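Below you'll find the structures, each written out as structure tokens.
There are two complexes below, and they share chain A, which is joined by chain B in the first and by chain C in the second.
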Partner chain A sequence: MDIFVQQLVNSLSVASVTILIGIGITLIFGLAGIVNFAHGEFLMVGGMATWFMAGAGMNFFVALVFAGLLVGALGFAAERCLFRFTLNRPMNGFIMSIGLSVILQHAVIRVFNEFQKSITDPVGLVWTIGGVDIIAMRAIVVAITVVIVAITYFGISRSRYGMALRASVSDRDTAELMGIPVRRYVTGVFIYGSLLAGIGGALMISLFPITPFTGSVIIIRGFAVSLIGGLGNVGGAVVGGLVLGLVDGLSAGYGYPEWTDAYSLVVMILILVLRPQGLLGGTLGPKAS
Partner chain B sequence: MSLLAVEHVDTGYGPVAVNRDVSLAVGQNDEIVTILGPNGAGKTTLLRSIAGLVKPRRGTVTFDGRDVTVLHADEKAALGVVMVPEGRHVFADMSVRENLLLGAYCRKDRDAIEADIALMENYFTILAKKRGAKAGTLSGGQQQMLAIARGLMARPRILLLDEPSLGLSPLLVSELQGIIIDVREKFHAAVLLVEQNAGLALSVAEEGYLMNSGRIVASGSIDELKQSSVMQELYLGKRAQQNHGASPASL
Partner chain C sequence: MPMTDNSAGKIGAAPEGARARDRLALLTADNAAVPLPASVQAITAILLAALLIALPWLGLGYRFLSIAITTLYTAIGLYGLGLQFGQAGIMSVGHAALMGVGAYASAILSVQLDLGFWTSLPFAMALSAIVGGVIGLPTLRVGGQHYIIITFCFCALFVIVLTNGGTFTGSATGLDVGSVTPLPGINFDKLSNNYYLVLAALFLALAATHLIGISRYGRTLRAIRENEQLARSVGINVDLHKLGVLMVSGLFAGLAGVLQLYYLRHISPTLFGAFPSLYLALMVMLGGARYLYGPLIGAVIVNFLPEVLNLDPVDSRIAYGVCLLLVILLLPGGVGAGIKNIYCAIAGGSVTQGGGANGRA
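Up next, the complex of A and B:
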């Protein structure tokens, strides 16, 4: 039982990172129709920035905020300088994002190097709750993610901006006819999704070492998560992240850890065969106009 | 000066030219103006270019004395040029109330928005009954009412209606007639109505333009238009007759 609870917390902390990247992927796809392949590198850049700042003596949680802002700014630049030109041709945007991901990997290697980086556990505590030992940082990662998911979810379902965002996702032209500045929402979603990737990167490096190539691994998981839940559906990204995180964590604890990625992808394939629209139902992306 | 003036506008998609040298005007006094024409005449594309969804390739669109040719649709909506798209395009997964609120996206006067929602629910009574229902569950006629109400929520100065009668029963079409007139009488907006249903358009509008193959082929007051030989040819299948006595003003 103890092992099970520990595995559960571990799974949830891994799931957290995947959920954060999945939300960004799903939002950007839903509104802009762009499958941003560089989103994993955004996360990696966030992790590397955190490593650099923590190494320079900055408090981890301050570094996390800066990593979020830095990657948010990166997303802003990418949208303004690149992706806005491919809005009407999402396939071009997709291909461009593959190029961007390679450029970012090599930029990081150029600035730092190709070796893996890690930071010491920023909290360094183990909490004993009900006789079960839990690494405090892992619980904190889960808590931060819960807060971010709640803010995102209520922002989208309750606020005026969220309502306009949903309208833009479901029918871009008509949303514009109602006076909704859809282009600005696209930029906003890029910034927000990238910010979450930056925070996800910071949280990830607090759990595991990362390399300049971590992004290309994590992006696959991010897509799996968004697809399992339904692309374009934020609730879906959360459910997908939990499913994948649990499969991962539990298989690592009880089965053959070297097969964890295979398990998760088999689960993804099964879900997509049985429910092609994802567990919660997604969009097909913006309708071509 | 007209409220809306379209001058020498060409439109198209990629290599396909749709409209050529189209000019029209809607006057200041909440006029109801119609653009008639057969399927594929380029009416919808013209309306989309006035609304800002398509950029005109040539020519200008002036609204209230200001050149708005290159503005995006959302910027035009904020100025009061609001289009109700063909096929209704309600936000299907959102509630009727949310659809109405989205219509008022550009407005900041919160109390007045609530008052306007009450006004719409009072006028289109079905919307009050269906307030919490997802718009996608409404019938075609109800969705059309919602689309018009949503457009009116923006408090437009001119409402561009694209084929509102499409897919409606004859009974609803006659109801629509009253609604279009009330857009002017009760909601104080001019109307530019694109229609294939000539009966509806001719019964509500004061001025009309007849479009064929992307060009305006006849225009004038509704009475003049009814008499025009082009109109008779396109709509009644009659050959143009010798009698040109009643030809429209600017044919």
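Up next, the complex of A and C:
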């Protein structure tokens, strides 16, 4: 039983990173209408930046903030220089994001190298609660994710900006006529999603080592999470991330670890075919072209 | 695909005093729908064929010829992708996995049943076509981007299955095969003969692509690409056509995969994973999926660029990425479109105008 609880806590911390990238994708794909295949690379860049700054002696939590800002700036640049021009041709934007992911991956290899990087546990505490050992950093990762999810959820569902954003998704022309600067919202969502990827990357490297190729693995889980939950649906992404994280964590502990990656892929293909709008509903994303 | 062929009447018709901006627009337009004169098409085809046939005799060395073989079998796979994307508008980023189905089918037949190149080829191609059709089933339900994600998942899943397949698929180390069964008087162990084998297959792929492009079938596919609902409403069986083109694309991929297998003599799962698939998508976009020679141009650029510029693999991949971004932003029709437009600008008014059906550069 103790082992089960520990597996559960570990899975929760892994699920946190998955949820962060899933929320980023669900917002960018579902609300801004951009399929960004380089989102996983954004996360990887955030992790690498954290590794570099922590290696230079910076406090982890300060580095986390900087990593988030750096990747947010990267997202801003990508949206302004690239995706802005393909808003009417989502397919071209998708292909371009593949090119961007290849560039980022190899730029990181060029700047650092292709080997895996890790940092020492920034907190280094282990709490024992009722006979269960909990690594403090993992609990902190979960806590940070909970805060971010709460901010995002209420920002989208309750705030004025969230309402305007949802209005622009459901009817872009009318929203524009009502004076909503739709383009600026698209940029804003893109930056916010990228920022979450940067923070996710920083949290990820505090849990396990990452390589320049981590992004292309995690992107698939991010798409799986956002599609399970329904695009644009923050709550759905949380549920999706939890399900996927728990299945992964528990299958690594009990099932067939060599098939771990296959589960999320199979789940995703089935959902895409049977319920393209996601299990919990959401927008269908940009109109299929 | 909203890349409409809206400039059908403009090609080669630049007035004398056209402003620079108009000229630029002419050069970057996507004119796939405007046919070149038959004589130009024939001359291009003959020159290209002559060049490709003469290549081993130019004394360019073993390494050059090896890269040429890689380029050609990649191009065969790309012609399948070019058909499904360029004609029917269905993109895939899991195409290397389809090549892998062909390659692994042939390798497993060779290991388990001792079948050679020629006997296993039809089975491998048929299996690739069937798998292509099965993966294509979701296209009947979901649109563009969702389908791309499905193909990417399939590709990742394929690699996991191969890696966990035990001795049957050779796990992570892969499988080995012997050489191509010699035909009377032709031994394919010699590199130049292997080159001609792949070249012959490429000519088949080119001819098939051209014939599909000018046929009624090709026109129907383009109608579906431009407006699926309209095509459906005039009585076209959209589902059947979509599955059909994906199966044809699978046939090409299977052929390419078997050629790749017997050129390398050894295959492993990483050859058919996510990265090779992404590079295939990149090449077809780079070259221009709607142009007859587009996929070939894309394969040549991607395979020869690092060699010509003497780049190491990391730099060359950054270069591909940058090229892809530039092509999408500035030249959505691909390099094929650019070459055709430059030709039209030089040839000026001698190019016939009209809305003919076959878009060939």
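As a convention for this text, the second predicted complex is superposed on the first by the 275 of 289 C-alpha atoms of A that agree within 3 Å, B and C clash if a C-alpha of one lies under 4 Å from a C-alpha of the other, contacts with A are read in each partner's own complex, and residues count from 1 in each chain.
One rule holds in what follows: contacts are C-beta pairs under 8 Å (C-beta built on N, C-alpha and C of every residue); 3 or more make two chains touch, one makes a residue touch a chain.
Being a predicted model, the structure only gives us computed values, none of them experimental.
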Check your understanding: What is the contact status of A:Ile151 with respect to chain B (first) and chain C (second): first, second, both, or neither?
Key -> neither
Practice item. Applying the touch criterion given at the start, work out whether A:Arg183 contacts chain B, chain C, both or neither, answering first, second, both or neither. Key: first
Exercise for review: Check whether A:Asp173 is in contact with chain B, with chain C, with both or with neither, and answer first, second, both or neither.
Suggested key: first
Exercise for review: Return the chain, chain B or chain C, that is in touch with more residues of chain A.
Suggested key: C
Practice item. Answer with first, second, both or neither: which of chain B and chain C does A:Ile129 touch in the superposed model? Key: neither
Review point. Does chain B (first) or chain C (second) touch A:Ile269, or do both, or does neither?
Key: second
Point to revise | First (chain B), second (chain C), both or neither touched by A:Ile3 | key: neither
Revision key, fill the gap. Chain A positions within both the chain B interface and the chain C interface are 289
Exercise for review: Using the touch rule from the top, collect the residues of chain A that touch chain C in their complex.
Suggested key: 35, 82, 85-86, 88-92, 94-96, 98-103, 105-107, 109-110, 216, 220, 223, 227, 258-259, 261-262, 265-266, 268-269, 272-273, 276, 285-289
Practice item. In the complex, go through chain B and note every residue touching chain A. Key: 51-53, 72-75, 77-78, 82-85, 89, 91-94, 98, 101-103, 105-106, 150, 154
Exercise for review: Write out the stretch or stretches of chain C touching chain A in their complex.
Suggested key: 1-3, 91, 93, 137-138, 141-146, 148-150, 152-154, 156-157, 160-161, 163-164, 274-275, 278, 281-282, 285, 314-315, 317-318, 320-325, 328-329, 332
Review point. Which bits of chain A are touching chain B when the two form their complex?
Key: 160, 163-164, 166-167, 170-171, 173-183, 289
